[in-house]
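A, B, C and D are the chain letters, set down in written order, and residue numbers restart from 1 in every chain.
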Amino acid sequence: MAATKPPSGLSRDLIALRAARELQPGSVVNLGIGLPTLVGGFVEPSDGILFQAENGILGYSGISESDFDPDLINAGGQPVELVDGASFFDTADSFAMIRGGHIDAAILGGLQVSAQGDLANWYVPARGGGSVGGAMDLAVGARKLIIAMAHVTRDGNSRIVEVCDYPLTAPRCVDVIITDLAVIDVTASGLSLREVAPGVSVEQVAHWTAASLDVSRDVTEMLL
Amino acid sequence: MAATKPPSGLSRDLIALRAARELQPGSVVNLGIGLPTLVGGFVEPSDGILFQAENGILGYSGISESDFDPDLINAGGQPVELVDGASFFDTADSFAMIRGGHIDAAILGGLQVSAQGDLANWYVPARGGGSVGGAMDLAVGARKLIIAMAHVTRDGNSRIVEVCDYPLTAPRCVDVIITDLAVIDVTASGLSLREVAPGVSVEQVAHWTAASLDVSRDVTEMLL
Amino acid sequence: MLAEIYDTADAAVADIPDHATILVGGFVSAGTPSNLLLALKRSGQTGLTAVANNIGLGDLLDELCEDRQLAQVIATFAIRASGARSSRFEALYRNGEVELELVPQGTLIERLRAAGAGLGGVLTKTGLGTMIAEGKQTIELDGEQWLLERPLRGDIALLKAWRADRYGNLQYRLAGRNFNPVMATAADLVIAEVEEIVEPGDIAPEQVGTPAIYVDRVVQCEPMPVRWEG
Amino acid sequence: MLAEIYDTADAAVADIPDHATILVGGFVSAGTPSNLLLALKRSGQTGLTAVANNIGLGDLLDELCEDRQLAQVIATFAIRASGARSSRFEALYRNGEVELELVPQGTLIERLRAAGAGLGGVLTKTGLGTMIAEGKQTIELDGEQWLLERPLRGDIALLKAWRADRYGNLQYRLAGRNFNPVMATAADLVIAEVEEIVEPGDIAPEQVGTPAIYVDRVVQCEPMPVRWEG
């Protein structure tokens, strides 16, 4: 328990895979920049999930690095392909969709998540600034907000904290945290451990979580 | 001057013709229901005037009663034809255009106009109700508001009054009043007579106007 | 979730509950779900609130007044300036049997849009200094007065589009858009009447007027043209 | 008034004054007026305020930092999370040579839309309880807090569309719409770079993304693709 390095948990790809499992078939999903964009690769067409991009696409599928059309990108600037039945719209309509509660789930990256589900993911104090993009609107508007991130910073600090010290994206917005170590639900009474990564113990997760964590549920190992 | 009936002035068609003369070439114009819809018939294609309809058309020309397409109507429900370069949009975009100051002129009907340019044109007290349509947005948003109406009601009351007793469409919105008897500008200091209809005297207009009317300008006869 | 295709307009509206608030797309004859309105008449729900551009101008929304199905109407056109013609709605209204809220057209669409777009309201000049402002909050910003208009949401939206694909993407034709695309975003259950149902991909992505995720039910109907009766 | 066709991007931007507020359409590579931005660089105006989705992500707006043409940037993406790459903008910003206002994307588009649509502001939950709310008015309605966001207007808008007709109607392609249609409504002088200019009527009225009345100048340019550099 006096470990100075967290246990070796899921790779970025496996975090994305586990996050993909959190999505309901037929749902409308927005993927944030970075790790979350990998989630698209772990969804089957038969799941009928429609991916929405802030820049005005509903119904894109894989990233298609080979064939770059500057007008056909996701919100991370990556070239994408369309599914049959896709649609385009402008930014006003895109954020009406996001803020209006029409997105079933968003998967975003995180810098910190607090015990009450506050999210900080846009402003990096060390860099004296940040990029807010659509993160604040997604945090407020998505019906379910899933944060996919490393559990611990490179400096060995937990990203899951009692109170965020980074500037907030939105208060009380996170529903589920998926990290390399665990799946944690944010409930009305605080953080509740649901699953641990293969080879990671409940105690290890608790150690590397800098917030009260309810481990009283029947915690299971992630199915990957 | 003790006349109990106003002098015989312009027909509805001639009011529309005079109102059409008030429009600048190349301007964007919205025509209200009723008399104002006749204005379209007095504009030449070479004037390059684009007519906008609240229900989402920019660039319609004549009324085309012969060939009714239910999806191709103006805001008065009349079938219209399109000019080359026309466009369609939804109601949100249409009223963004109207309220946002992108319409150069609107020509609306009126029930009453006050000395300070208040307009009443939507609520008929005698009928215990009314229909507001797009009138309030046009009154607020059009850069120039022209009211085309009969100068006097059938009961012999002036429609131009010190203070409207009908419920307002918008306060201080009217720029020009065009009636069967006269063209009157609404200025910062009140109503100012600009033109009289052929065969109508300045005194007659003043008599049938129930508001102070500045007649000190060089009043001319309307050119029709 | 993708839209469900219904065989008849009657089936598509059968489970609308009494006392529902129903957004009705269309502008007189353009983009108006006349088949759905007649189905609603046959279906017989009562105590309804209808939100629509117009009632009683030749539209079939007026038909819902025959059996007193409407408790309230929120509209921009409802009472004619002249008494030369009348509508069923007007008769009920004068009898005190139905309530009416008249809303400026630009304000009606912004209130619907706010509901669909997760906004708490918008500030407009439209209606300031008029009856429309009565009972509403005004806000002064930099010495200017603005009227605060609040969101307006429906339980149900009845829409009309030209075509749908099987997923529920809607394509509009000519001036058939009007209130339909915004109403699609502002109701819990969205039912669209269309002239044709095509395969996903048959509507070019740039020409989708209402994305599929907003549409719950689609029914193909012979269009039923109505005309403005001034 | 109909749009004027310009022969070169340089001619189209030549009379933009110093200290103008310029709305720049596009989202990284999509619908971005790169030719107009380079022309603006060559033209050399200074003290400009740029309103854009992004700066310094591979876009050519960043080029305006080379000769310190920008006094202020209002954007949603401006500072990278990692220091692995940097932009000219970031360097100037850290040096205190340019101001930055970060605005959430959904709020940025609503502020622009409010300016174009004659609204005095909108109420949103986005930004509540964050730095974004600092110094802004909050309004309580029925016990809920809302943030009042005010209109944002430009002197100039630089847009990119796929095609224009000679009147100035613009048609967008794929995800090239993004900020362009709303920015077209929110500036005094609107300049659009397009890939092709066609005759009025060649763009179907249903496919016009920006009606001609919003567009003042059109210039045909070879598209200049840029790519996101994370």
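In this text, contacts are C-beta pairs under 8 Å (C-beta built on N, C-alpha and C of every residue); 3 or more make two chains touch, one makes a residue touch a chain.
Predicted model, so just to flag it, every value in this text is computed and none were measured.
J.: Based on the averaged CA atom positions, which chain is farthest from subunit C?
T.: Centroid comparison gives A as the farthest chain from subunit C.
J.: Taking contacts as defined above, which has more of them, B-C or B-D?
T.: B-C is joined by more C-beta pairs in contact.
J.: Could you state the distance in Å from the CA-based centre of subunit B to that of subunit C?
T.: 29
J.: Could you please state the distance in Å, as a whole number, between where the Cα atoms of subunit C are centred and where those of subunit D are centred?
T.: Each chain reduced to its C-alpha mean, subunit C and subunit D end up 33 Å apart.
J.: Return the distance between the CA-based centres of subunit A and subunit B, expressed in whole Å.
T.: Going by mean C-alpha positions, subunit A sits 56 Å from subunit B.
J.: Can you check how far apart subunit B and subunit D are, centre to centre, with Cα atoms defining each centre and the answer in Å?
T.: 37
J.: Enumerate the residues of subunit D that touch no fewer than two other chains.
T.: Counting only residues that touch two or more other chains, subunit D contributes 110, 113, 118-119, 124-125, 172-174, 205-206.
J.: Considering subunit B alone, which of its residues make contact with at least two other chains?
T.: Answer for subunit B, listing residues that touch two or more other chains: 88-89, 95, 98-99, 140-141.
J.: Every touching chain pair, please?
T.: Applying the touch criterion to every chain pair yields A-C, A-D, B-C, B-D, C-D.
J.: Can you tell me which positions in subunit D touch subunit B when the two form their complex?
T.: Residue list for subunit D touching subunit B: 1-2, 113, 115-119, 165-167, 169, 185, 199-201, 205-206, 208, 211-214.
J.: Which stretch or stretches of subunit B touch subunit D in the complex?
T.: Listed in rising order, the residues of subunit B that touch subunit D are 26-28, 48, 50, 58-59, 82-89, 95-102, 140-141.
J.: Along subunit C, where are the residues that touch subunit B in the complex?
T.: Going through subunit C, the ones touching subunit B are 27-32, 53-54, 57-58, 76-81, 83, 90, 93-94, 100, 102-107, 109-110, 113, 124-132, 162, 172-182, 209, 223, 225-228, 230.
J.: For the complex, give me every residue of subunit A touching subunit D.
T.: Its residues touching subunit D are 33, 53-57, 68-73, 75-78, 88-92, 94-95, 98-99, 123-124, 127-137, 140-141, 167-171.
J.: Can you name the residues of subunit D that touch subunit C in the complex?
T.: Checking each residue of subunit D against subunit C gives 110, 114, 118-125, 139, 141, 144, 146, 148, 150, 172-174, 205-207.
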